[in-house]
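See the structures that follow.
Below are two complexes that have subunit A in common, paired first with subunit B and then with subunit C.
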Partner chain A sequence: MAGVIARRHRKQRIFRWAVLVVLGIFFLLPLAAMVEFSTRNAETWPLLVNWPKLSDTYPDLAEGIVSSLEQAALTAVLMLVLLVPTAIWVRLRLPKLRRLVEFLCLLPLTIPAIVLVVGLAPVYAWVTYFLGGSSLTLVFAYTILVLPYAYRAIDAGLSGIDVKTLAEAARSLGASWTTVILRVVLPNIRSAVLSAAFLTVALVLGEFTIASLLNRTNLQVSIELLGKSSATMSVAVSLAALLLAFVLLLLLSLAGDRRRSTKENS
Partner chain B sequence: MSGVAVHLEGLRRTFGTVHALDSLDLEIAAGELIALLGPSGCGKTTALRVLAGLEDADGGRVLVGGKDVTRLPANRRDMGMVFQAYSLFPHLTALENVEFGLRLRGRRRVPGRAAAMLDLVGLSTFGDRYPHQMSGGQQQRVALARALAIEPAVLLLDEPLSALDAKVRVQLREEIRRIQTEVGTTTLFVTHDQEEALAVADRVGVMRAGRLEQLAPPAEVYQQPASAFVADFVGLSNRLPGVVADSSITVLGTSLPLVTPAPAGPATALVRPEAVDVAPAADGEGSVLTSSFLGATSRVTVTVGETLVVAQVASGLLPSLTPGTAVRVTLQPVPVALDVSVN
Partner chain C sequence: MADQAVAAPRRKPRGTALLGTVPFFAYVVIFLIIPTLVVVIGAFAGDDGGVSFANVKALTNGYILDAFGRSITLSAVSAVIGAILGALLAYALVTSKAGGTLRRVVTSAAGVLAQFGGVTLAFAFLATIGLSGFVTVWLQDHLSIDLYANGVWLFELPGLILVYTYFQIPLMLIVFLPALDGIRPQWREAAESLGGTTWQYWTRVAGPLLAPAFLGSTLLLFANAFSAYATAAALVSQGSPIIPLQIRGALTSEVVLGQQNLGKAMALGMVIVVAVVMALYALLERRTAKWLG
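Here is the complex of A and B:
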């Protein structure tokens, strides 16, 4: 009997490693190719970390990087300002609407970006009319795009605490609704807010379709443009962007781990 | 510090088709502790939440110290509240929790006051503990300290002990009574536990279907229940058939005075187990069916003809009351209520 179990364990272990190796090759090979290709020209990487020189040589790329970072930061802020109070309000006052809100927030996930753009184009005609054609106006579209991920993260954070009782306790102690949100709820869903923000940043940095089709600039659009003139540079920037996203996601899982371990200590 | 009077006037609140509050009137004197008692769904928690401002009334008025606060939001009502669920802010220590309300009010010497409140609930050495490092009883003590720290006009306790185990519950309810007497804050205590209500309150209000069935000191509620519902809900009762005549009812051959007058004729009396005496007697008309040991006292079920009678006896008598023993059942002549639901 013990032998059978041991053999089964060994089989499972071999299977696990096989899967890991195959998937590892699948993911790492393109990355390795990118590293190899982008290092063919010895000047590429030194140029990439030298910001003044980079923005001189590739002004479009520099503009794309800056707009993407601005878009990411603004989208994260707008998403939090919209979503945190809404999610709290739905939990406290309109629990019946939870399903509906969740469904609405998931919708962007089910609609292809192309379709979204077709719908957004006329809306953006007005946005351009009122706010100008700045790439920052993409923040509105991106806020909708990140809803599915951000709402899930924040809602999961809220279900970890007894929002209703905490809010009522704070209210009875004299707290206004703003105080309830800022000083009672937010500190207790900090890691959920962090993950929502990280996911938002990662998503916005990788967005191409909407920006390209609406004729706005961001990192991916400028990489694509650069690919036509300087292939090595565009691959190097893509790789850097990928690594940044990896780091963000790593930070995210670390934040999650820390929360779990502090809970285990209790 | 002395409390202020609270007056609930004709409060109405409807959830769908359910009348949680049906023209509820309640007057709480300054510094008084009133316990609202009733089965779940009787509206006792709704009454407390309307007073706290956490729930809106459909009609009626809430007066605190003579001032109409019906339209005031919860954060401007000046009430301290302890909840059934643990409600300490998880990211703050015990001391910071107590300081929370004080800081919102911009009080000076906040840490000193908060420490004094923790001392009052006997947790002065627990100031730097986080809620998850404390037991349920300790958390509720801190919640009490937090509620009292802001020197509220009214203290509201919404089943604060029901999540705790039996021993802590008894300890903490006595402590709540001690602290409330010491501080003198007008207090509304909501509970479904009759023992708790009788033990801590100056007056007990028994609620049913959104109305007060009886509001009286604990002893009166127990000994002279205003209605069959109260008699039934507060304490155990036997339902014994009898005949009413001349403001008394004859049950098992004994004439018992009535709490409220009733028309003559057959009726069902509600008799407390402790008002029933059981003694072994060879010619007794009753026979012991079961007996159960409960500690200081024991409970014996006796059949008398077709009727089942539950009696509370001293545990010392239990060995002589084994099942099958012939016994004589006598009723003490204390006032009883009639069960009107049967007739």
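Here is the complex of A and C:
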């Protein structure tokens, strides 16, 4: 029996490395090509880290980067303000509405962004009328886009704690509902809120469809625009954006691990 | 009076409780429900505002049917290739040490590549196998192979399939890994102690258990590719081979008289395809949860 298992382990190891090497080449080749392509012009990378010069040379790109960062931050805030109190409130007071809220939050998964943008065009005509055509108004649409991912993260966090008992304990000690939500429940789902915010930021930084078709700007739109005039620079920015997203998600997985290990220890 | 006094306090908290969800529902109605209704109603509205089936009928036009066909081919082929390769990769990771560095780095990278594709992915492939890309030039210089001897296929369906596979494999890894993790080593040991071979284990035990999860993940991949827009938009600047690009055309170009709402009809067609696929996915998901929950 031990011989069989050892043989299987050897076979699995050979299989594992064969798969990893073949797919590794497939996945790393485009990244390596991006490095090679973006270093053909020696000035590209130094320019990319020199913000004043960059915004001078490529004002559109600089505007796109700033817009995307602002959109990411604002979307995360709006998503949290909208979703966290509602999710807690529905769990505590309106359990019958939970299915409806869940359905609405997961609905954007079945509506492709390209379809949403068709329907959003008339809504955004009103948004532009009231708030102007700033790229920051995209935050409204992005909050809808991130709903499914954010809801899942927050709902998983709420499932992990006993919201009802916590709330009843706080209420019986005279806490108001605002105190219950902000100072009792929220600190307990901190890591779920954090991962929802991380996912939001990653998704918003990668968004292109809605921004492009509603004639607004963000990082991806400016990269696409740049591709038409300076291919090297656009590839360099693409690579930088990919690496940034990778670091964000790696941090997210590390935070998730810490959450799990603290739960196991306690 | 007494009745009211009893009833009032009971009704009041419920009313205020509902009040707490108003911001959320109002927001979702304005930015999700209304846009959806705009698409659905618009698909059946004529240019004069009346009810009309002209837009939906126009969907049977040759070029739109072709675009739908190409979209479905692209999604199906990239989903099947992505599902098979992604499942192999997932199995390779499952046999490695749990919680190891390899697994963490690969799943994080998969998370990025699956969700963060878009425009950056198009540029990655332009840098690789574009006309002056790294691989194209290298093959030309060292092996004198011309990648595009038979025409530039990168901007057509074969190119799109290749590029889409690049984000389908990571997505498959993410959605299929939990199912593979649910397979317990004890089942294999049980099969072996009863004299089963590896082949029998895979065809009689693990295969049937994983089949719903595998099919469900493949459907999810299909819906993912079908809805994708950014990569194709950045890659294909001439012509509109697939439906999302046709919708772009309808949104940005001059409107043909009598077809103002054609874009909405195409969008509705997309929603229907995705909804059917996602419903099947939910069905298979429930079956998977029964075994591997």
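One rule holds for everything that comes next: the second predicted complex is superposed on the first by the 266 of 266 C-alpha atoms of A that agree within 3 Å, B and C clash if a C-alpha of one lies under 4 Å from a C-alpha of the other, contacts with A are read in each partner's own complex, and residues count from 1 in each chain.
Criterion: a residue touches a chain if its C-beta (ideal position, glycine included) is under 8 Å from a C-beta of that chain, and two chains touch if they have at least 3 such contacts.
Note that the structure is a prediction, hence the values are computed from the model and not measured.
Trainee: When the two structures are overlaid on chain A, which partner does A:Leu107 contact: first (subunit B), second (subunit C), both, or neither?
Mentor: second
Trainee: In the overlaid three-chain picture, which partner chain does A:Asp60 touch, first (subunit B) or second (subunit C), both, or neither?
Mentor: Touch partners of A:Asp60: none, neither subunit B nor subunit C.
Trainee: Using the touch definition from the top, say if A:Leu116 reaches subunit B (first), subunit C (second), both or neither.
Mentor: Second partner only.
Trainee: If we overlay the two complexes on their shared chain A, which of subunit B and subunit C does A:Ala170 touch? Say first, second, both or neither.
Mentor: After superposition on chain A, A:Ala170 lies in contact with subunit B alone.
Trainee: Please determine whether it is subunit B or subunit C that touches the greater number of subunit A residues.
Mentor: Touching more of subunit A: C.
Trainee: Could you tell me if A:Glu70 is touching subunit B, subunit C, both of them or neither one (first, second, both, neither)?
Mentor: Touch status of A:Glu70: no partner.
Trainee: Hey, what residues of subunit A end up touching subunit B and subunit C alike?
Mentor: none
Trainee: Per the contact definition, I'd like the list of subunit A residues that touch subunit B in the complex.
Mentor: 161-162, 165-166, 168-176, 179, 184, 187-188, 263, 266
Trainee: Along subunit A, where are the residues that touch subunit C in the complex?
Mentor: On the subunit A side, the touching residues are 4, 8, 12-13, 15-16, 19-20, 23, 26-27, 29-34, 36-38, 82-83, 85-86, 89-90, 93-94, 97, 101, 104, 107-123, 140-141, 143-144, 147, 202-203, 205-209, 212-213, 220, 223-224, 227, 231, 234-235, 238-239, 241-242, 245-246, 249-250, 252-253, 257.
Trainee: Touching residues of subunit C toward subunit A in the complex: what are they?
Mentor: 13, 17-18, 20-21, 23-25, 27-28, 30-32, 34-39, 42, 85, 88-89, 91-93, 95-96, 99, 104-105, 107-109, 111-113, 115-120, 123-128, 133-135, 166, 169, 192, 198, 223, 226-227, 229-230, 233-234, 244, 247-248, 251-252, 263-264, 267-268, 270-271, 274-275, 278
Trainee: Can you name the residues of subunit B that touch subunit A in the complex?
Mentor: Touch residues, subunit B against subunit A: 52-54, 73-81, 83, 85-91, 100-101, 104-105, 130, 132-133, 143, 146-147, 150, 156.
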